[in-house]
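Just below sit the structures, each encoded as structure tokens.
Each of the next two complexes has chain A plus one other chain: chain B in the first, chain C in the second.
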Partner chain A sequence: MNSHAVELHNVGKDYKYFRLNDISLNLPTGSITGFIGVNGAGKSTTIRILLGLVHQDRGSVQVLGQSMPDQQVLAKREIGYVSEDMRLYPKANLAWHMQFIQAIYPNWDQAYAEQLLKRFDLRAEQKIKGLSHGQRVKATLLLALAHRPKLLVLDEPTTGLDPVARQEVLAALMEVLADEQRTILFSSHNTLDVEQISDHVAFIDQGSIIESTSKEDLLDLWRRLRVRITPGQSVSELPHIVQQQGNGQLQSFITNRYSPALHQTYEQAGLEIQAIEYLTLEEIFVASIQARREGKTL
Partner chain B sequence: MNPMIKQLIRKDWQINRNIMAIYIGVMLIANVMLLADPNNIVFGMGLILILTILFIMCIHLTTSNVISEYSQKTVTFIMSLPVSARQYAIAKLAANLSMFCVPWLMALVSSWLIILSSDSLPNGLTALATLGLVEILLSYCLIMMMGIVTESQHGAIGAMAIANLGFQAFLWGMLKIPAIAQHRDSNELAWNSTELSILAIQLVVIIGLLGTTLLIQQRKTNFI
Partner chain C sequence: MSIHSDLIISRTDGRPMYLQIIEQIKQRIALGDWPAGSEIPSIRQLAIDLRISVITVKRAYFELEHEGIIVIQHGKGSFVATNTQLSRQVWEDELNSYLEQVARLAALLGLSNEQLIQRLHAAASHKQELL
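The block that comes next holds the complex of A and B.
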């Protein structure tokens, strides 16, 4: 079995006003990767490329061992895709969609589909045009999950959902995590959602992947240090400081390489470390975007 | 035929089954109206109704099955399934052509039967009726091609304008060709070489339009 469900190597795509900058990204098989970026960062373009819906100008894409876009038919037999801008046929009902998908995928699990129907509180006979946005997302998710895909690609599925629908969608996703062979790519600009369900995280900004690592490592390495510095002391030479706030003696630093050794280095430099705090994924995301835009190398 | 293409064709038929039933029903009524005496107003109304149904279908099928897949974003759902762009284009062409061809064939066959069974209509009229109906089929292929290729309402509307002008010019031109005008008024059933040449050109253009559509779709690199 391939250790990576998705392998993007130096993948580039040029549009008139946007460029995907030769990105490389690997998704380990069985992982849940949160793909975070602001609107227009390149999340959807990347996802469309890995589904073969958009052809890359450069680089190679392997999905479930298939070369994309050439082998997209084979790859898509094992992919479930839910996108915020995906729509079902408004005049048809959910039962019709379920039959349609069932006829296409031999792995369709009717019992699981009915279980999801109940869980999502959906009625199969209801026409799609009568569903709310949250119900439409859940219906699309049902269709994607019930054929038991090896790779589940979710492009901003929780965008625009009310808090209850969002939690239901996230809970369903948490449930499918039980299958260790299923790989999930979950794109969002909502870091809270990603933080809840993912074990890997990739940040994308202005068409470039700026971070791709395990969530635990990320949360462990990024810290905020509240320090007291002596008047006149320069901190610009200190290593691995991503962001500095405050002007007086009491300042706070954000570092992306926290370790006991770094702690010691700062103390030896004369800093009095008063507190060490973990950062949320959102804080890490914002700090890394700002640092990169300021030209800092992380 | 590829099973996925079959599924997509079936899908378009299922989505449009109600409106297709209406089109076929109205076409049947129009055909019955043609049973009236050719000098009766009912016959004329039947003729107008047949042409109206075919022209409406040219526009409606392209709008509802092609353009709306892009504007309503259902194409994202379909393209996420195990289907290639080429298979999607083949399925779209086959589904739309088959939907159009059911009422179109009804019109063609009934026109032949009515002309051949009527004493007041010359048999030679079958050639002109056939060429006229094939020209409508050609117009539909052009509109559908522009809809699929441009994925936009504007492209389809442009093609509709060209097809409409083209059809008027075609009819006007046909009646100006002496070989066709003479045959139209005769009771001779066999087609002359002029009519056969025009039919051959029409069929070549139709095949060319369908082939070009597949070729362009195959070369596209962005589908949504």
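The block that comes next holds the complex of A and C.
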């Protein structure tokens, strides 16, 4: 068994106004990865490449042990994909779509599909054109989940959902992971969802992966320190400072390498550390993007 | 007997989720809701119940195991350790961590030790009145 469900190695793609900069990304089997980036950062391009929908100009893509795009037919049997721009036939009902998907995928699980129908409060006989946005998202998710894919790829699954529908969707995603062989990649700019359910986090900005790590490590290493410094002293030459605020005696700064050793280094430099705070994933994401755009290396 | 998880993860609590899990599991064990030796939810099951990531629960369980509060048996499940001294120890540890906080805040406010002790007396007698 391959320990990675997805392996991207130096994958690049050039468009006229956008370039994917030779990105590398591994998704461990059985994990759930949150893929975070602002609009236009390259999330959807990356996702389409790993699905074989777009062919990369450079680099290698392995999905469930198959090389993409050459072996995409084999790989796609085991992939479930849900995206915002996915269209169902407005005039057909959900039952028709379920039969259609069932005809394509041999692993279709009808009992599970019916269970999801109830859970998502959907009616199979209802025509797609009568569904709300939330119901459409849940319908496409049902179609993707019920063929029991080994890899589930979701492009912005929770965007535009009301709070109740979002929780229903997140709960359904978590249940997929009860089977340790199943892997999920979902892109989002809602960092709260990513923070809640993901094991791994990847940040993408301007076509480059700027962070790819375990979520717990990330939340642990980034801290905000509130310090008191002696007048005239500057914190700018201290190591691992990503962002700094204030210019009086009381200042606060963000570090991305917090450890007891670093704490000691700061104290020895004459800082009086008054508080150490955790950051939310959103704060970490924004600070890393800003630091990178200011030309700092993290 | 397996225990149904009824932990609650707060989004407004500033602490990381794994610390919230550790605290709530410790409380359940200390109160006897989760008796010594009993099976507790598996890492994956608790993650699914709480709709949080597996790695977060894993981290909490590994720390609890490291502290000797639970035992993780791979392939079998996780159990409350059969250490009877545990519940008292859990509260002792908790008290100590609060006392450290109190000492830090007192220093921040510039309280003398005598003033701090007075405040502690006042808090303790207030608690008595409530009982």
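The working rule: the second predicted complex is superposed on the first by the 298 of 298 C-alpha atoms of A that agree within 3 Å, B and C clash if a C-alpha of one lies under 4 Å from a C-alpha of the other, contacts with A are read in each partner's own complex, and residues count from 1 in each chain.
Keep this in mind: a residue touches a chain if its C-beta (ideal position, glycine included) is under 8 Å from a C-beta of that chain, and two chains touch if they have at least 3 such contacts.
Everything quoted here is computed from the prediction, not taken from an experiment.
After overlaying the two complexes on the shared chain, residue contacts for A:E267 are found with neither chain B nor chain C. Contact with neither chain B nor chain C is seen for A:D121 once the two complexes are overlaid on the shared chain. Judged by the touch definition given at the top, the superposed model places A:D162 against neither chain B nor chain C.
Once chain A of one complex is fitted onto chain A of the other, the partner contacts of A:S214 are limited to chain C, with no touch recorded for chain B.
Within the superposed three-chain model, A:D14 lies out of touch with both chain B and chain C [touch as defined at top]. Remark: chain B residues 4, 7, 11, 14-15, 72-74, 76-77, 79-84, 87, 221-224 touch chain A in the complex.
Those residues of chain A that touch chain B in the shared complex are 48, 51, 53-55, 72-74, 76-77, 79, 81, 83, 85-92, 96, 100-101, 103-104, 140. Across the interface of their complex, chain C is touched by residues 30-32, 167, 170-171, 174-175, 177-178, 180, 192, 196-200, 214-216, 219-220, 274, 277-278 of chain A. Chain C contributes residues 11, 14-16, 18, 44-45, 47-48, 51-56, 59, 108 to its touches with chain A in the complex.
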